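The structures considered in this document are given below.
Presented sequentially are two complexes of subunit A, the first with subunit B as partner and the second with subunit C.
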Partner chain A sequence: MSPFTYHRATSTDDAAARLAGARAVPMGGGTDLLVAIDEGVVAPAQLVDLRGVPGADAVALDARGALRIGGAARVHDVARHPAVLERWPALAQACEAVGSPTLRQMGTMGGNLCQRPRCWYFRRGVSCFKNGGDECPAVDGENQYLAVIGGGPCHAVHPSDPAVALTALEATVEITSAGGTRTVPIAAFFVPPAEAPERETVVGPGEFVSAIGVPAVSAGGVQRYHKLMQREAWDFALVSIAAVRPAAGGVRMALGGVAPGPWRVNSSVEEDVASGGLDDDSISALAERALYDAQPLSKNGYKIEMAGALLRQAMRELAT
Partner chain B sequence: MAPRKRPPAPARGASAPPAPTEAHRPPRFVATKVEIEGREETKIVELPDRNPQPWDDAAELHVVGARVPRMDAVEKVTGGARYTADVLRPGMLWAAVVRAPAAAGRATLDVSAALARPGVRGVLTLDDVRGIRLDGMQLLDDAIHYAGQPLCVVCADHYALARAGAAAVRVTVEPAPHAVNLEQALADGAPRVRSRGNVSPRSPRLIQRGDVDAGLHDAEVTITREYRTPVALHSALEPHGAVAEWEGGRLSVWESTQGIFNTRSDLAKALGLGLSNVRVMKDYMGGGFGAKNGASAAAYLAAVAARKLGRPVRCAWDREGEQTDAGNRSATVQRVTLGAKRDGTLTAIVLDATIPLGMGGWEAGPGRIYHELHACPNVRTSETFVYTNTGPMASFRAPGHTEGAFGLESALNALAGELGLDPLELRRRNYATADQSRDRRYSAKRLDECYRRGAERFGWHDRAARRATTSATHVRRGFGMAACVWGGGGGPPAYATVRLNRDGTADVLTGAQDLGTGSRTVLAQIAAETLGAKLADVRTVLGDTERLPFASNSWGSITTASVGPAVRAAAEEARDRLFEAAAAMLDAGVTELSSRDGVISVRGSERTMTIGEACNRLGDVMIMGQGSRGPNPEQTTIPAFGAHFAEVEVDVETGRVRVVRIVAAHDSGRIINPTLAESQLEGAVLQGLGYALFEERVLDARLGLPMNPTLHDYKVPTMADAPAIEGFFVGGADTVANHTGAKGLAEPPIIPVAPAIAAAVADAIGAEMPEIPMTPWRVLAELKTAG
Partner chain C sequence: MRLTVNGQPYDLAIAGHESLVAILRGRLGLTGTKVACGRGECGACTVLIDGKPAYACLTLAAACEGAAVSTIEGLGAAERLHALQQAFIAHDALQCGFCTPGQIMAAAALLAQTPRPTEAEVRHGMSGNLCRCGAYPKIVRAVLDAAQRLEAARGA
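Right after this comes the complex of A and B.
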């Protein structure tokens, strides 16, 4: 563990200024960051705690009915927020599915989106694409929890539950730095490993997630988040699914646990589900189509079956 | 107002027994058999002077058998209880361990950068501990035997500084090929794990009775199956750790241990000290489960570092150390063949097992339960123990039997399927009424009652009707059962002293330890019952080799049955003395007195006084009793039994198993405290459920490294995974076993859990489960094979 300084930012500008410093990283609840430092996975020189920034922990509706979640909003507060529960229940359910009560109380939404993958090899400091190496030791190793789709050369999956729901809800992520603020759709927030295996998101040095926006058009209707774990609690998703048919129409589905980032289901499949009138056979066929590109590693083929089961369940739920 | 003191009258009617002549004196020291962790040992016992009347089922008991809460519950939940990790000594240094980053090879260390770091006071390397060996391995060896092996220790003013120092130690490894699993260790040209070879010199261990070839020949139905069990980790909440402090040539050690006296001998021997110059203490403990049976590496390192650096030293494993270098339950591969008649009568049981031991540890082995649990004239087990470049095995809650039961009971359930017999009926038809493996009687056996009452409570016989009641079409319900046997007799030596204080409070002194099981409470109950004292007035003092009489390790489920009788004898002696004093005060005969709830009363009269009044009148006269554990009955096996019934739901689309309900019926003789005993059942069911569904140490075979040595990645069950657990005890006192009638109960209930759950899963999905843990991918794979 390398030594670091700690600064509790007092304003967005203060945070941005501090983060411009050498090897400075943002900190939310520290539930992932501090452990990763302790394990020697990351070695920042400065921690900039965002929780003291006024308004950074707010969860609020704007005039047009869109949701704005501060980057330092606690996962628990999003899970229990009345407007989220009522209008974007898939997000509330996904937040409620995170880890344990203590983690939800401590963890922030920005930190949740930017948490590092749990791949054993990466976390245990075995040389791999994520930590400067040039091979993925998991391919011939213990890959039971890794990606079955969209992986390579790194096969780690992103562990966030909320990100899966936010993907189905077509959220946007607001990224701030000393140079200003940009907003990216969540689909462009996660970086495929083929592009940059050493990182997971577009958040660059000096930047931080200042807010997450969820559009009003994603609200209401039928919304579900299902998470399959090995045990009943305090576990990352083996496979999860966020499935929504918002009041405004359309169907959107995203899978977690199967790919390096949240995996948005092919739009042609979504359209077929939206058009309705599906019987069991067509549901099964659609689920297979959604997973057509899946290519399991030696020990994770079961995830395709699990994903198929979740897709079928979600399609049935969206149909009713 | 307390009455004025007056000296007690001399005891009435007490006349010394005639002194036996040398020639007639019966031997005072005799040999007796004690079963510990599945192994029988011969112990010398000094015959006690006092042999209390057995508490049989008719005995009128008030405190023993009562559901009193754990006496230290408040301290534990409020943080008041002091564990080894809470011990802070003036000037104490903190140690951090540098561990091997590879599974094999030779390490070269450069500690200069570590020594230059702020707050670092010194390091220990191989030269400081030469000659100290654990599990046959030199401590801090530069030859690497497994990943996570301690290589060096850095001591500093604080833990953070010690860790920073440890990180600054430069470790260079000259790599060597490793063998971390059976396949690698048994391959042609495999690297040598131990100099003697990769197979233990005692392997294969063959145990047989009868003639299995004839038995198989006579069989009308034969089945053969192969079962696999994983390496499981104890994952005790409190890791291994010790604090050591020297005063001149005397060493004091606080250690999280299941055996203070064993730890003392280990340390004294390694450091060349007399036993009286080593004091080992342990008050509260956060679990051991069998992995803390003597001086740990942490204790040796703390003691040597404290001597070298002239300051007290604390050395404790971190969680990764605990999950890689603190023992484990060995994996097994069990190839089982059963032969039976069409009516279910077993004609042969054959086991061929291979067990990767890690670098060492003792050879518990899955074989024994095959000889013990069911009646069968022809049994042969062969066990081959293989060394691998992984941390050594350590006994883990019913070692051997837990692994063995998965094979044996699963095979029995498969046989029941083959025969079209109810698995419970199959067991009843093969009911063993005596210990066939040692050819002698049981002190008592009420497994039949466990079968009957367990089945009744569970609704075993109307399970077919409940099968269809699931929440969704892809969720299947299933039912399964399994049984267990485990040595529960305990035995000598164990000593206790009971001391009455001036105010009538009593101290029970015995060098046993409470691992969190509740021994402190149970022993106090036995003393309170015997003294007729209020339980609140009795305090049990445990865990100090300097101040307390000997009691053995708390292992093998032996504490209550070993120490309990010694406490009872001591309390009885103290009570008799007290009555002698009180008789004069109450103007009554000693035999007219009785005591209950802190009050001494005279039979047929209104005269009473409290124990406190009597003691107070005696002033500083100290009423004291000594007691010891007598021998076990000759030619007798003293087991505990149990039967579990499991109900599960399996999602056949996702492979997820949910255990809905476990009924656990056990026979452990008299239950001193049903609440604590049931909590042992519940704990064991949860631990067994983890073994059945989630827990598995994962190593990367190519790298030889542990992948999941954290409490998040090594998946112990959470509360949300807990099924409805209905644990209860059948029968009553086993007065053949010992005069309290109590037997061991902490280990047996883990034994049947995994096979009962596996049987229920098999019942639900129509495919047998040959391997645990039953992860979703294994369940899906079996479903696929079954078509």
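Right after this comes the complex of A and C.
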């Protein structure tokens, strides 16, 4: 591993000040970052560890019933948090689906959102849009795990499970730097590759995810997260889905593993699911409508079938 | 910096990029912790940090200042094996043994958090440790047996 220095931040201000330095990179559990450094994908001069910041790992309800998840909260602790299990079970299920038990206890929520895609061309240093190149080698190559919708010019998918649930729950992400704090809706947190293929999120140099907010209006009702993998544990999603019908009403669904970021299902489909009265035929038609603009690469057409199956299953679950 | 491993403090000069497993094996001679993949995909290097499981290959040693690191060497001694070590022997829960220290440390973390796990909970809780010899059925039986041994010891 190429040398870097390590600093354990003592406060949010300390973290922000350190991250203003050249080639300073924020670190949570390090479970993706240290691998990415080893692969040469990230080359920091200094890592700023956010786990020591007092309160950065807190998970707490506010007076209005919204949830605030500190950026350094461990994925495992969110998965097992009583309020999350009770009010936002889709998020608990998505967190429990991350990696392995050990990775969940090491990894932070902020780090999970900021992990880099696992496209093997990118991670093995093959020239591509993510590392400064001007072509996507996967288009004519091994693209079986890549995007079927919303891709191009880069077709890598984002590996986060919680991000898919947070999209369906219409969460917000709080981003902090030496210049202050801004809050963005999760739908604006992920950057489409057509806009900036070299990065996945709006988190820029000097910034870090300081918290995630989940609104009270997304709580309760029926919530599901399903993840299809090549094996039953410790794998990234081939396709996943978060589907919620919160107690306050409405239906929201998001797919993982199919697009460069979490893919929110078209609102007209969500509204038709919410209006109810669905039978098998209308469920199938809605699933097809949700995927109408999917365009498979040469080896990943199976993902469209998987996404359709998950959509149909989720719609039946939300109907009951 | 001061690194505390198995209750023993060590004062060491550690560079920011050095991994915990490199320090354990290369500087402290604690070679019970193994490295296979070196990228968090196998679990062979599992240790406990403040009682929680961690892959030592993806842990910076510098981040462990002030923490209590536990390795397989601290779990039991040759003349007084831990219940997990006894159960792994009794159930022949290994072939080559290379993954075993990591398996046992992951099991120790699981049983600390879930003292009476179901078989499903053992399978879920041990799913971050690969065994390329495929001893999984015996590993599951050994962990369940160790839970009973520990329960009996607590009751005694």
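Here is the rule we use: the second predicted complex is superposed on the first by the 319 of 320 C-alpha atoms of A that agree within 3 Å, B and C clash if a C-alpha of one lies under 4 Å from a C-alpha of the other, contacts with A are read in each partner's own complex, and residues count from 1 in each chain.
One rule holds for everything that comes next: a residue touches a chain if its C-beta (ideal position, glycine included) is under 8 Å from a C-beta of that chain, and two chains touch if they have at least 3 such contacts.
A quick note: this is a predicted structure, and the numbers were derived from the prediction, not measured.
S.K.: Could you look at A:Gln105 and tell me whether it touches subunit B, subunit C, both or neither (first, second, both, neither)?
M.R.: second
S.K.: Looking at the overlay, does A:Gln230 come into contact with subunit B only (first), subunit C only (second), both, or neither?
M.R.: A:Gln230: touches subunit B, not subunit C.
S.K.: First (subunit B), second (subunit C), both or neither: which does A:Trp120 touch?
M.R.: first
S.K.: Is A:Pro159 touching anything from subunit B or subunit C once the two structures are fitted on A? First, second, both or neither.
M.R.: Neither partner.
S.K.: When the two structures are overlaid on chain A, which partner does A:Gly206 contact: first (subunit B), second (subunit C), both, or neither?
M.R.: A:Gly206 contacts neither subunit B nor subunit C.
S.K.: With both complexes superposed on chain A, which partner does A:Leu238 reach: first (subunit B), second (subunit C), both or neither?
M.R.: Only subunit B is touched by A:Leu238; subunit C is not.
S.K.: Can A:Asp140 be said to touch subunit B (first), subunit C (second), both, or neither?
M.R.: Once the two structures are laid over each other on A, A:Asp140 reaches subunit B alone.
S.K.: Both subunit B and subunit C contact which residues of subunit A?
M.R.: 1, 232-234.
S.K.: Using the touch rule from the top, collect the residues of subunit A that touch subunit C in their complex.
M.R.: Checking each residue of subunit A against subunit C gives 1-6, 8, 29-31, 34-35, 37-38, 46-47, 49, 51, 99-103, 105-106, 232-234.
S.K.: Within the complex, which stretch of subunit C touches subunit A?
M.R.: Result: residues 15-17, 19, 38-40, 43, 46, 52-55, 58-60, 62-63, 65, 106, 109-110, 124-129 of subunit C touch subunit A.
S.K.: Help me check something: in the complex, which residues belonging to subunit A touch subunit B?
M.R.: Of all residues in subunit A, those touching subunit B are 1, 40, 118, 120-121, 124, 126, 137, 140-142, 144, 228, 230-235, 238, 299-302, 305-306, 308-310, 312.
S.K.: For the complex, give me every residue of subunit B touching subunit A.
M.R.: Residue positions touching the partner: 163-164, 167, 474, 651, 653-656, 658, 693-694, 698, 700-703, 705, 707-708, 712-713, 715, 717-721, 775-777, 780-781.
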